[in-house]
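Below: one structure in structure tokens.
Each chain gets a letter, A, B, C and D, in the order it is written, and its residues are counted from 1.
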């Protein structure tokens, strides 16, 4: 299908779209992505991080086309991959990943929401009109099927776009990756995306870039604080309001902020603090690896109770002590490298990849946050004592 | 004063702030700028144009520092200019320039609002605490006083920042200017910002950049349509709601969109169309220079009545015919160039500057917009006839 | 033909080449371009301007491919245009344009040399082997034939590449152009390259970029001095050595510098001064427009005699007074714009284009250069007196 | 001292120089660096890598100034560091590192040459005139003294400049580092350059960048081939010509190429092949770690004899079999990180740093090169057999 329009993008220059793609873009479902920030409240740390799921989705579609060209796929396959790239984030709710936990609690997920939108709204009509199968698109988005690894895997085009895009807006150099060299290094072998040996460095640099972006942007300590505040506010708000899943998934960032501003009590106070950037501070921190694994899991499950217990003990209002226990995602890099002796996993041929797997765990930190006005409640506690104290508290709740 | 924090910016890299500046940034008044888009609804045309007055203000402060260093100003003067740069947009209301007309109707302006915020809120307390005079800052922001031209003139640092910044996000090359060369070419002569002869080219390139950005971004025809829709919605909303100036200036973009979404009738419909990017189309256009100047002014004054008259005649609901008459700002470039024979105006030494003054007028277009569903009402009218018809209509209302 | 290799380029990223192109690149004739600087001695002013005709030629080939794709040309036409782009500078001699005058004196030109190389060396064998006609390629390079305007005209891909490339290395922002938008705006109408109305701004920005690059880089006053010194050295060297055209065109930059270093007398001294950057200074300058046109032409023809006359009178060794009379190239912009009333020349629709034509003349300056040690010979002469003196001198030789 | 001139640089924008610095730049010794390529023959692989030691030296001086500003050094110290940055490569000979082995054979080094130039030429006069001590500068350049680590250490400003600069010209993204964040993270503690804990990521990214640049650029296999060819040609040329150290260090790249072109026999043939890019190919390769360490050292010492032995056996002319045994530089990263428990080495706190130390060894490869025309001599040998054969051959010479 011929391009009928071009859209300007700071990352990829000109993104050309054809009739089918333009119809999809013009649906209210897709336009909604203009009002869902790619990185939620990250802009409170990196002021220029205001980009949206809309531009990112266009970017992924564009990369899908480049990769399809490189792999010399048939026109039909190329089209299907581009559409999957375009729609891969269609089910994201207000504040993207920040609201994923809410969806989980409601017994749903944004992936499920994507499938629903693709199969039940006017998007499925458009796909049908042009002879595309909505189920096939959904499968692709979930990383399954012949080309699934292109859309969703350790080195998918989703990551390629957001690493570059986010680093561009954050104004840090870490996300710069050699897009062309990675794409030129890719091959399809039995539905698996495989990297040619000569492109190992390019892929290593992607892994490194991801690692550095996690450390400096995605897991920036202030960002973790804001997110903890926002999540707790949202939790409380949904408890208070008894909002249905159906209503929740309709909202965009504007709706949600507006609702929280007009809420009462705790959610309203949190939203006001976030709007004014009057944030909680770190009252305590400890390397996550020092906390025993079993304990960690228990803490994750009971985090709200633990928080309230600590708050009560310290004479702090409930909700004004927040604990933050980062999950250790064991990121085994499932990337296949083509070598003289057949396909190998990247950590068999690259000590850098092995190191990166380990390095992620090393820097995770368990934290307790509280507003500045309550920091004084903690005076008199030296760090050592406070830690013991905390341990005891935690103990009580397990 | 020593820097105590750095903020990351995609345009200028690292922006260092001192204690005074950080206190100003941390006020709710300044934090509010995070939620006022630099270019209103421009993101509907250039999807990545989501930047805010917040980051722009930091950028202008940063440039103020660079320029002060170059001019070898005293520390106190440097500080005052940086603060003026930081606060120059503090009075902007939701959707920035789009709401300026609303302010005018209410008998106010964003400049006035800036002065108020600087002299009446906690910002004036902070300024006082550090020995800065709020009136002096306000004067600077309005382009007056010893260093006024730095903040507000034909080649001020405001323009330097937004041209680069906007072109960065739009993803067009037009805004790229040689910042350093312009700054290196500046001199203060009797409170006037003067350009050294050797930097004429750098300044010409700024004028050109401005010209190209106007043509391709700021006056993009779709942007004009969206703006016309939004302004009419806002007008109607304020008529309906009878909102006070005091309430209006408290709002940010989120508040305003949220209010319009929850409004009734016309404003709600317009907001829905904008959210879904279901925009009006150009039903008619004509080079502005072909319309007699006197007529043009009358049209500007009576635009709402004219619109309604046309709508009635064409059987279109009122509000669904919008006319757009761009103002001709005679942009005489008041830029002084230092030459062997003393100071000269730039258009005395540069035919390029002269050409740019003229070129702006050349491309202005008068337009009538209507939704696609009403375009059929205009069928049967060939362009010539329709123009005559329009002229007659207009005549009736003058 | 399939790509079989990629070459890394800072401007265009990855340049893919096929078998035919790789064979052409691997000829000694083409490899020689690695050792011919794109901008001769410009690196003495902009230290990073060390790029070569080799990388530029690859860049032009790459742009040819992009344009062919956009114009949806047949594979054969695409290939022929890419080859013409690749070979368009193949005939350049050592120090490119600086030695063009030498070629003229010898009764030849670099265009002729290109044609010769394309039709007589192993390059013609390779073209033949792949079924390409060497004459067709030569025609294209000279701007003739169906696609000639693509390679050589006011808005050709040659210019697009060198403006971006040179500004990248110079480190100035002026050469930044919106490549994609220009290419997207192009159309072929009866063998003419025509610009769609909507891309007028993109083309204007190209003209502006060219204008600014001329002013700040290509005609930088120090560059003019170095070039005048080098040209006079080369003239004298060729007089002394009686080198043949055949020998001259074999040389690259290294050969020529090496020969001049090992020469005697004046050429050796000039080369030593250039190597040490001990340059002549401007002893006199005057806007070119103030000099009567007829006089100017006479001066151009008799420049060497005039120089020697002045030198004798001032007690300066011959060769140590150099005069520099820039030619006024009337750059009528022959660019066709598609409009509602058919094709129009750009200066009919763009006052900016008209202004640029005029602006070029405005800044041309006639100069006299001499080494610092002879500047004292001119002491006692105030500028006015010196000008009269010069005029009289000039008079005597006409 | 005030800036009196600015020089344009693509990497750092505008580099300002004062009177002292300008005088140093204007010496023939420093101007010579304009004609010594930063990366020797690397341009045969990355066509745009034509940058020189001249621009790099300016860049290092510029970074020295930025770092001195950040560390809030006294004016005198700032000046001395800038001069050391400017002059740190002054002793480099033609083709930089490629000719370092030649200097070693002659019993000298480029460091020694730097010291000589700084203390014995007009450069020492200029330093004296402005009250700077040439010995102090030389000490700094060799990494000694109070600020030595700034100029020469694992994270010196030399590396910061060349990584960014080389990646810019190579057109790869790997060299992009966050200059400002690294500089902001530095501290001087007892003459040691120490990194604040919060900047660990920025320094890790520098190490990674270095690692990737080594793999893809500095140790690119074709670059190693060209270098092996050039070194052998140079060896033979110097044997034939009996050139003195004094003569050798005067030459720039142009002189050396010119001499090789005009030489006889082997050096001339090699130079011709390099000029035409008719390069040797890899006839054999093996991971260096598989070769026993003792054996490796022996091979390095006897490489010429081994080459000739293999050549004789295979019926190849001597000089047309080249072996390449990369040295394993154990790059223990001597970088100090400030932590709560005092200073620590980076590999105590960063598993990434540890991994990078190991990763370098992993990819080193031992190779045998020969021209394409001799590849046929190796037919019939399957890789396994050939390896045994080689091992035996090698054995014979040890």
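Descriptive notes on the structure:
The rule is simple: a contact is a pair of C-beta atoms (placed from the backbone, for glycine too) under 8 Å apart; a residue touches a chain by one contact, two chains touch by 3 or more.
Nothing here was measured: the structure is a model prediction, and the numbers come from that model.
Common partners of chain B and chain C, by the touch rule above, are A, D. Remark: among chain pairs B-D and A-D, A-D carries the greater number of C-beta contacts.
Chain B has its Cα centroid 34 Å from the Cα centroid of chain A. Between the CA-based centres of chain B and chain D the separation comes to 51 Å, rounded to the whole angstrom. Put simply, the C-alpha centre of chain A and that of chain D have 41 angstrom between them. Those residues of chain C in touch with two or more other chains are numbered 13, 172, 181.
Within the complex formed with chain B, the chain C residues making contact are 172-174, 176-178, 181, 201, 204-205, 208, 211-212, 215-216, 350-352, 354-356, 358-359, 362.
By the touch rule above, chain B contacts chain A in their complex via residues 7-11, 13, 26, 28, 31-32, 34-35, 43-44, 46-48, 50-52, 54-55, 58, 168-172, 254-255, 257-258, 261, 275-277. The part of chain C that touches chain A in the complex is made up of residues 6, 13-14, 180-181, 184.
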